[in-house]
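Next up is a structure, given as structure tokens.
Think of it as A, B, C, D and E in the order they're written, each chain with its own count starting at 1.
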């Protein structure tokens, strides 16, 4: 089994290195194919491992070698395949494999085709390390690794020039990449601090040691550790206020958005909370956990609200991702870790599908993303329409589809925990989710064919791509059906969470309510956007001028705020520090000493007039002064 | 009593003459007063019983040194008034005054001690010259010889410095070996 | 009664006069006169101390000072002659080629 | 009637006079040779001088420590022997610089060499006595010779230098005489050991402190002049500039060693007597000297003048060691000068070989910095060697002066004068600037003009001298140990 | 070969002397060969080094000035071993990548002498010998900056020299005082560091001595506010000069702290933790911000060096094995990474003769290989895990957390602001469209450049993934040092702060 662990882990690495070999040469289709195959190998291993774990119920733990060892600190490269990680592994490798295959088609015309695969596989490798590591430091490797790959991939089209924020809210791919990396680093610092707290209180960073030691730690330490780790999670999972990078990350190629910024990397924060559930589940840190849940709920609502008015196809999906991450945190914060994990998996499938579908649309529309310029695409892109429809239904949480099960469970949990405000918000958000998902679907695939006015000639994606997407579609539909099996499976590694009897009884009622809310959202969207002819959608100036619309459109002015109050002052202070403090104070004082000495020398050389009489005078001055001092000091004793 | 009179007389006169030496604009006056002052100083020596020293003072100073100065003065043609621009006479006199003040203060201290035993005492009833000779040619024979060396040095120095050979400086003579270099410089 | 201090004070005064001379003279020849004054002042002191201590060392010192003064005059005048040949004057204000 | 005095020849201990007599004899031989044949070449005289000095050296080596001779006028103690040795070695290594490829005026006189030897004899008398009279006479003998030697370079700057030096020297002689008179008045003696004895009994007499201080001040003025301490240093830069490079280099070492010996004897006595005031004054002068001279050296345009100021600064450095009045302090004085001698020899020799008869680079200076611009391209080895000397002067290890420097600083630290050590350290840092300036010119700038003639005055003997200086500078680390142990032995043997 | 340390010191020196004879055209090959041999010698030292022995190895001792306690005393332990290897490596790589065409021979000879001094500093166990090489190292560097540097080269080189010189002279006074104290207590003169270790000093003495040594080391590091010579030196130096300066010469300062300050003055060191940490944090944050404001790529890297040296300083004063080992490791990593970064800047400077970021943009398109290697080094510089930069930084921050969580968080901002300026440089230089015509025809890395950089890339990855072979000997020596410090400390406070690793308790 150990070998399988390594195969699952290193197949993406091999793939990445292989592709990197051709990184600077022109497109080689086989690079993509081989990379995809290696990814599939990884997926297969993961599935096998999952099956093994499922059957035996015992986690597999391997230690490859020692990494860092100093003082009392020992960090190995150790890998733990248990219920949590194997779930993640399977999801990650599955989505990755699909995305790899998809990319062969999507990146078809890109001259940096090979490089793309190298990055993509490297990302998968990092993600695998993240989920498989048996210690926090290993997790951090993956954590930073995915960050870097995300940086590379967001900035994949680095050659694009910077634009103003009005023209392009993300400015440029390279700008977005840097933003993502830096914001993530802010969170990573929190994570590091969490690691330090754990190390100095426990003496190790191994999960098992740390978790075993937790009950012996004081409440303040636990709280500090939990907060610090959660700050880390907030960055990676783009929780408010560190969320802005995620929408900007849409500057990357769409497969990247699908894989990284929807299905896998952004869920790393959720994964961390789930992984560290012994910590977050403790009585002492209930406050932190509740904060997590509240923040999750807030972000769910907050992101959904921005999606309501967004016109950019990918950004809408990005907001929905943000929103769904909020759901996951809500669940995790409320202690329903398995539900969070389940939603994470289900979300991965349908969100990846949604993004890939979006990618198809982009491909068809020559990278045009404004849904107001689309409409009626259903006719030319039936397959894509279908996939995106499925994904959107799943996202909206209609019954039978995956999203229904997982999201409904989260909403139920909120009710179950008695946090009715959260529950209400989550229900409301579910309705908004349905509305904006279908707004997007209707605007792009239904209604008038507005694209014609702009001279687009959309066409369907390659067949093999559509075929490759099918597993995701299947899972987007069916994943929820295995909820109970999944529960049973993960219960061996995760604290159980069951609804109370009361909740259980009214579960159907709650579910129904959610469905009703979601359906009304869809219907509203249909009425507003899907109809053709006279009732076709028209933009309403009045609405677009309203304060709410603008607020939402400008993302509550948060990016603007960051720019005005963080970025610009930082640049300004830096400049001042350099020109004023460093040059004019620190350096000038050093030079000032030198200059002072030089000046003193220059003025004291004036005593050297060359005139003998002056010299004699100096001599006399010296002797008389000495004599006077002698007389005075003798007088004084 | 005569000693007191002589002391004050000599003091006032020497001080006066030396002041002339120092302050006079005329070299001749200065030199003459210097010579006169030195003669009077030998007077001090005689009062103090240092007869031999007094004689030496007369012979060497007034005789030899002043003669040398006179010759030099003739050589330099310095009989006319010397124009000296003194930038800050105040400083000079303050310095002089202060040094006089401190030195006087110092000498006014009870320097004289009866406890001090003479190492080379003068002998009563023996002439000063004899006493001096005794010490000079035993204890101070070496300094005496070195003084001879010093005078030799002074003599050689005087001769070669004033000699004709100094008129043409080899140090600044670039005729022989610097032609090429001058040409190069010109380029 | 004239004590040692009297002589010493006279010596000090003459010494200071010499010093003033050294400081204010611009003509080198006359400057040399001033140095002679200083040395003579010291000679008075030595002779006086010698007298009051009844010790001959002072006279020895004075004797050597006279020798030194004589040698200095020889060398000094030699230098002055050189200088005079070169500059045609003995004013030390002309003598400020090197400075700074 | 006076009794006739019977003196046995043994009690005179005439051997103590042998070294000086050899030097004097050498001078006389040269004079006689010149009388016989006045066409003899300077190389003969140089070699003769060296030979006499070698014999002189041998005679000094043969002396026993702590002996007195000739009615106790001569004093052969440890510092007298080592200082005589240093004076002789210094003279031996500087005199071959006369063997230049171009003719300079002073070396056309056989008398130059005679005077040179007389001067050495004068210095030797000066250091080999504790009798103020002999010290004075020796000092004047040497000084008068030195004034003449400077003037013999025979150009206006050298006259100016000689006159300035002479006049100020005459004034300082006045101060020395006056100081001696005060000492004599205080103690009835001019022999330092006796002075110390008497002063020790009189030190507590009321009202006498002013005279004791006064006597020390008058003597201090003289030696501050000789050792070029601020503000009595004003002659030094001009004299160094006016004198020929070999003589300037020589002056920065040998006369100072001699003066230091006397200063050690005199001021060591005061400090030992508990006149702490003298120590404070010396320290004050020393610190002022090293700092101000350094600052003035910073702004110089001429290398030789810069080296003059640097010599002043070094003297200040060592004066501080003198104020410590400990065995280490005294050892460090000699160690420092022993090491300084070779480096300075090298530096001035380098100036000497690049000396032109007319000033080709600057209207006033012989050795302006510009002259050495791009030296590395013209004369790489020469530039490198000059660089070594500069680094050594700056106190960069492992070159010779560094060892002297740390020994001085160690001596300061050992006596509890940590602030002094820090001041010394900071001064070394300031000093580094002007040494670096030359290095910068030599290595980092491009040649000014007509570059191939810088080493104008070079000759084989000069190369040998520079080679010797280089070896001594670079290899200092290997002979510092024997030097220290010898110095320490000699100095502690004579009770300093 | 028990005297391998002497060989390491004098081989380059002798080679430098012989280099005068070598013809100009062949000087480069000569230099590279010598440096390679030196590097292999250092590798030999490493392989024959006993990693389990925490003490000094290959000790050589020849009394030079016994009366004064100065001896030629060399030795190597885990702390110095790798700096030596790195110094040899960076000299070799620097020479390989050297693009200077003017006076190559002089440069080679200078570099060889510089190598001698670097070796000397890190193997010296006698304070005077240490000081000797310390000062001597300034001279070749002065020449390198001054002779091959930019327009302000003379100013920069003199500033570099004088600043460091002034600081080290104060340190020298400290050394002399130390020797004096040693003499007072034992009656023997000694400058041997190991002898000094044995000295238990009163706290007051420790503080003064610490201060004296601090000046010497802090200026070299360079710590805020003594850092301003560095941007000039780097800005003006030729590539090779910057490489060696950043890689090795700066490490002398931090090495000095580890070798002298900590073990000799444990109580003072503990008392000075807070002030030094504050300075270090200022260094980290302030210089990182200043770096962000720079227009010149090389200046950015120069300031980033200061920032990283702040991390190293912080680690040294963590007073536990994690921090100090991390710090020593970070010295190596910073050496490699900043060396590589300076080489990379040199690459573009050679092509365009400018280092201003505004001149560039979109270089990734025309110079992909260059962009990749720059990217890797950038990531190592910002401390990406699995690169060499992470290990040290992580350990340092981890270690210092024990001292003060708040300060650690402040210092930890380096991972953020480090990323900010580095990514800004990368974006401005490599990303975006090519706006400057001159950049359109730039050639990618040539063979020479590639082959000098590849080894560094490999090391960056290798030591990021598997730092054990290096970390272990370092850690052993550091642990031994901490045990020693804990025993030696007088005050209970110091004993409490110094954390001896559990794994060494009762041991050694």
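Heads up, the rule we're going with is that a residue touches a chain if its C-beta (ideal position, glycine included) is under 8 Å from a C-beta of that chain, and two chains touch if they have at least 3 such contacts.
Nothing here was measured: the structure is a model prediction, and the numbers come from that model.
Common neighbours of subunit B and subunit E under the contact definition above: A, D.
Each chain gets a centre from its C-alpha atoms; the one nearest the centre of all protein C-alpha atoms is E. No other two chains have as many C-beta pairs in contact as B-C.
Mean C-alpha positions place subunit A and subunit D at a centre distance of 78 Å. Subunit A and subunit C, compared by their mean Cα positions, are separated by 96 Å. Taking each chain's centre as the mean of its C-alpha atoms, subunit A lies 99 Å from subunit B.
The distance from the centre of subunit B to the centre of subunit D, each centre being the mean of the chain's C-alpha atoms, comes to 27 Å. Counting only residues that touch two or more partner chains, subunit D has 133, 137, 140, 144, 147-148, 151, 163-164, 167, 171, 178, 185, 188-189, 210, 214, 237-238, 299-300, 433.
Residue positions of subunit C with contacts to 2 or more other chains are 4, 8, 11, 15, 18-19, 22-23, 25-26, 32, 53, 55, 57, 60, 64, 67-68, 71-72, 75, 78-80, 82, 92-93, 95, 97-100. Counting only residues that touch two or more partner chains, subunit E has 162.
Pairs of chains that satisfy the touch definition comprise A-B, A-C, A-D, A-E, B-C, B-D, C-D, D-E.
The touching residues of subunit B, when paired with subunit A in their complex, are 87, 91-92, 95, 98-99, 102-103, 105-106.
On the side of subunit D, the complex with subunit A involves touching residues 163-164, 167-168, 171-172, 175, 209-210, 212-214, 216-218, 220-221, 224-225, 230-232, 234-235, 237-238, 277, 281, 292, 294-300, 430, 433. Across the complex, subunit D is touched by residues 594, 597-598, 600-602, 604-605, 607-608, 610, 612, 614-616, 618-619, 621-623, 626-627, 629-631, 633-635, 637 of subunit A.
Listing the residues of subunit E that touch subunit A in their complex gives 159, 162-163, 224-225, 227-229, 286, 289-290, 292-294, 320-322, 325-326, 329, 362, 364-365, 368-369, 372, 379, 382, 384-386, 390-391, 394-395, 397-399, 401-402, 405, 408-409, 412-413, 415-416, 419-420, 423-424, 427, 430-434, 465-468, 471-472, 474-475, 478-479, 499, 501-503. By the touch criterion given at the top, residues 23-24, 65-73, 137, 140-141, 144-145, 148, 151, 155, 158-162, 172-175, 178, 181-182, 185-186, 188-189, 192-193, 195-197, 199-200, 203, 570-571, 573-575, 577-579, 581-582, 586-587, 590, 594 of subunit A touch subunit E in their complex.
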